[in-house]
Structures are given as C-alpha cells and as structure tokens.
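In this document, chain identifiers A, B, C and D correspond to the written order of the chains, with residue numbering beginning at 1 in each.
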Amino acid sequence: MIRVQREDFDIGAEISALTAGNHAIGGVACFAGLVRDMAGGDDISAMTLEHYPGMTEKELARIEAEAQARWPLEASLIVHRYGRLGPGERIVLVVTASAHRQAAFDAAMFLMDFLKTKAPFWKLEDTGGDARWVDARESDESALERWRKPAR
Amino acid sequence: MKLLYFAWLRQKIGTAEEDVTPPAEVTDVAGLIDWLRGRGPAYAEALRDERVVKVAVNQEYVRRDHPVRPGDEIALFPPVTGG
Amino acid sequence: MIRVQREDFDIGAEISALTAGNHAIGGVACFAGLVRDMAGGDDISAMTLEHYPGMTEKELARIEAEAQARWPLEASLIVHRYGRLGPGERIVLVVTASAHRQAAFDAAMFLMDFLKTKAPFWKLEDTGGDARWVDARESDESALERWRKPAR
Amino acid sequence: MKLLYFAWLRQKIGTAEEDVTPPAEVTDVAGLIDWLRGRGPAYAEALRDERVVKVAVNQEYVRRDHPVRPGDEIALFPPVTGG
C-alpha cells in the first residue's frame, strides 16, 4: 500500500492495521524519516516538501511492486508526506512484514534507497530568512548499487 | 504539449506549468530542451546544466532520446530529494 | 534503554517517547517480532517465553552498549516480552535512531542478530495438546558472522 | 553454589534451581557438568549432549574451563531462542 498525504501518521497504528490478522508474519521492519534541525551547519526552522502529484503515486507503487517481487513479503506500506514540516516531524514511513526478519529488513532498506532516488519529492529548507533547495546526495545514488545483484 | 516544472527549475523558469507547441523538428526530449533554452534567459539559465535536469514523459522517467508528441505531459525537474 | 516485561507495547508510543525533542535524529529504524502461527507445518496455538531474570537484562544492556559503540546512535531501545503469547502478538521491539538511515538500519539488524543468539530467552510452542521447545536455528548463529568485520 | 536450569534442561532435570556443594576436585564448569551427570539418570540424560548445553557463571556466558566457586550462581540452559 502507498499513500501520499499532508497529514501526520501514527507508526504504531499503521503497523497494527497492516499486520492485523496475518499470523504468517514473523517480523516487521520499519523506517521513519524525520526532519533534522541541522543541515550543513545551519539550523533549519522548517522544511517544505514539494512533489509531483500523479507521478509520485506511480513511482511509489512501482518501487513497492519491485520489493514485493524480490522478497517474500506478507505486507508492505509506504507513506510519504508533503507540505511544510518542522524539526522532528515525520516525513516518510516504510513498513515491511515477512515470515523472517532479514527479508523484512532488506526490503525496507531497498524501499528507502529507491524512494530517496526515484520518488519525485523535493525539499526546500528554511534556515531563517533564507530558503534553499536540498541537493541530491551522491551517497543516495551509490546506495542503489547494492541492489543490482540478485536478491537473496 | 503540457510542460511541468518542479523545485528550483520551477522557480528559475517562473512558472509551474505551461502549454507549448514546439515546431515540428522538435521530436525528442533533447530537442525540446534545446528549443526551451531559446525561449529566453530564464529558460537558458534554468536548463544550463543538463546533468541536473531530470525528465519524465507522461509520468515516467525517460532518457534524452525519448520521443515527445503533442498531448504529452512532460515534466522537468532537478534530482529528487525526498525520503 | 532496555526493558523486559510481560505486557504488550505500543510501537508508535515507544518510538515517539524515544525520539521526542531530539532533532538531530534523521532516521528511525525499528523491528518488531511477532508470534507466527505456523512452525514446521504445525499450527501454533500459543507460545510461552521463558527467560533468565537478571542475566536477560545484563545481556540486553551489553548488546545495546555494543551497538552504541559501533554506530553513531542518537537513541536506542530494546523491549522483550516473556510469558504466554498468542499468534500475531508482539514479542520483541528494537528501535534505533540516528542522523542517517544506514546507521539506524545496521544497528537494528545488529541488535536483532545478537538478541536472537545471546539473550537468554526460550520459546515453548504449544501446537495443541503438544508443547515443544523451539530449536535454535543455524541461520541465527551464522547471521552473526557479518558483524565480525569492523562497522562502517 | 546455586544452580539454575532453564527450558528443556529444567524440565529434564525436574527442578529450576538447587543449591549444591560439589567435592573440592570440582573446580571448573567441565568438572561440574561431569559431577552433575553422576547425580542420576535425569541429569545424565539432560546433560548427554554437551553441544547444546550453554553455561553462565554469575550471569555471564563462560567456557568449560571457567572456574566455579562456592557462592557462584551457575546457570545451565539450551541455546537461546528469543527474539
């Protein structure tokens, strides 16, 4: 399941809803991205996430389908917020559930790596007076390399 | 065709969205970018560094040799920074 | 932080409490282990977790300290339940928070791998009439190998 | 010294905990296990396969050559299966 929304989410409630009644699930991995208040030494007072409605949903669904094809997942969820967010606020949630823990962990890392480099979101950091578009990170691009080899 | 711009590309070009009708010799993404550069200094500046311009045609990432046709939705944007 | 308890836990509330007010956190990884209803083809109607009070807390604290030494974590949490649990119930929770996502993911995997092989818990599966102690898995032991190399 | 047994070791031996005073020649974990085997068929059966008996002295994992002393808390248990 994927969702793109302005509102916050409740990690525990999302996981409960996703896994309820499925007793084949032995492990649930999750990752939540939060707004940090420091970027390159400047304090961030807020961040605005812009996205490409329509394409965002398509890309997230495509990435999720790829993870489902690579690992034996019982369930998965991607929630990504847009709009203005303050320090400490939740930005993104990825949840993966599987019979075994490594599949859940690997799929969650895979989803995050692809989402970071493929989902059409852009961050505008507000450092007080000055607003600055976040640069894409080389390390996010290189994190994709590890998924080139066939999945376990 | 409908053009969409995001993030600093949107800010530099000064619009989020526009309908354009390029001449018939513009047949692919590379040709479209070249043609856009000629539309004024804001376009030329925004599209100066090709490496930081990503393109999606009808909401799918494409390469520079991908065809562009009337009716297409074509988005130009910098590398993504979500997550 | 570590906790050994009979009661259930709320994943969202645990994560919120752990990360509240720390805006240096950019990513939170978590893992929850659930009771599966199938083990080797037999339906499990319940599971009883026995542990070694005193040593359990010591081992969990030691494992957590090791993760804190290896990765730049802003916060971490291990909660492990004991007692009788039904299918779908939560057994264990691991949460790790860091500035960057890979440290959080790696530390969470590390905690789970060590917890599975070092924390003195034992599972007794009730498959209806018959109770059976779960065998240790070879794959859990070999999962430790990857942490022999120095951390990134 | 105080002995603790867990999981199927506890069930096979038939007690969770006991105080024992082995003879003076029992100085390490290996010696203690040998001595326990001689205490009866339940002990012999429970401790038959050494490979699946883990030992903690004073709540720390130890090897077979670790000393055992009066006053120690010594736990014997199968490989752990939590998580």
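Methods note: contacts are C-beta pairs under 8 Å (C-beta built on N, C-alpha and C of every residue); 3 or more make two chains touch, one makes a residue touch a chain.
A quick map from chain label to UniProt name: A, C = Molybdopterin synthase catalytic subunit; B, D = Molybdopterin synthase sulfur carrier subunit.
Model, not experiment: these values are computed from the prediction.
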Chain centre separation (subunit A, subunit D; CA means) in Å
48
Find the geometric centre of each of subunit C and subunit D from their Cα atoms only, then give the gap between the two centres in Å, rounded to an integer.
26
State, to the nearest whole Å, the distance from the C-alpha centre of subunit B to the C-alpha centre of subunit D.
73
Check each residue of subunit C and list the ones that touch at least two other chains.
33, 112
So which bits of subunit D are touching at least two other chains?
none
Is the way these chains touch best called a line, a ring, a star, complete, or other?
line
Pairs of chains satisfying the touch condition:
A-B, A-C, C-D
Tell me, which parts of subunit A touch subunit C in their complex?
10-16, 19-38, 87-88, 99, 101-102, 104-105, 108-109, 112, 143
In the complex, subunit B touches subunit A at residues 4, 6-8, 56, 59-61, 75, 77-83
Going by the contact rule set out above, which residues of subunit C touch subunit D in the complex?
33, 49-52, 54-55, 58, 80, 91-92, 112, 115-124, 133-137, 140
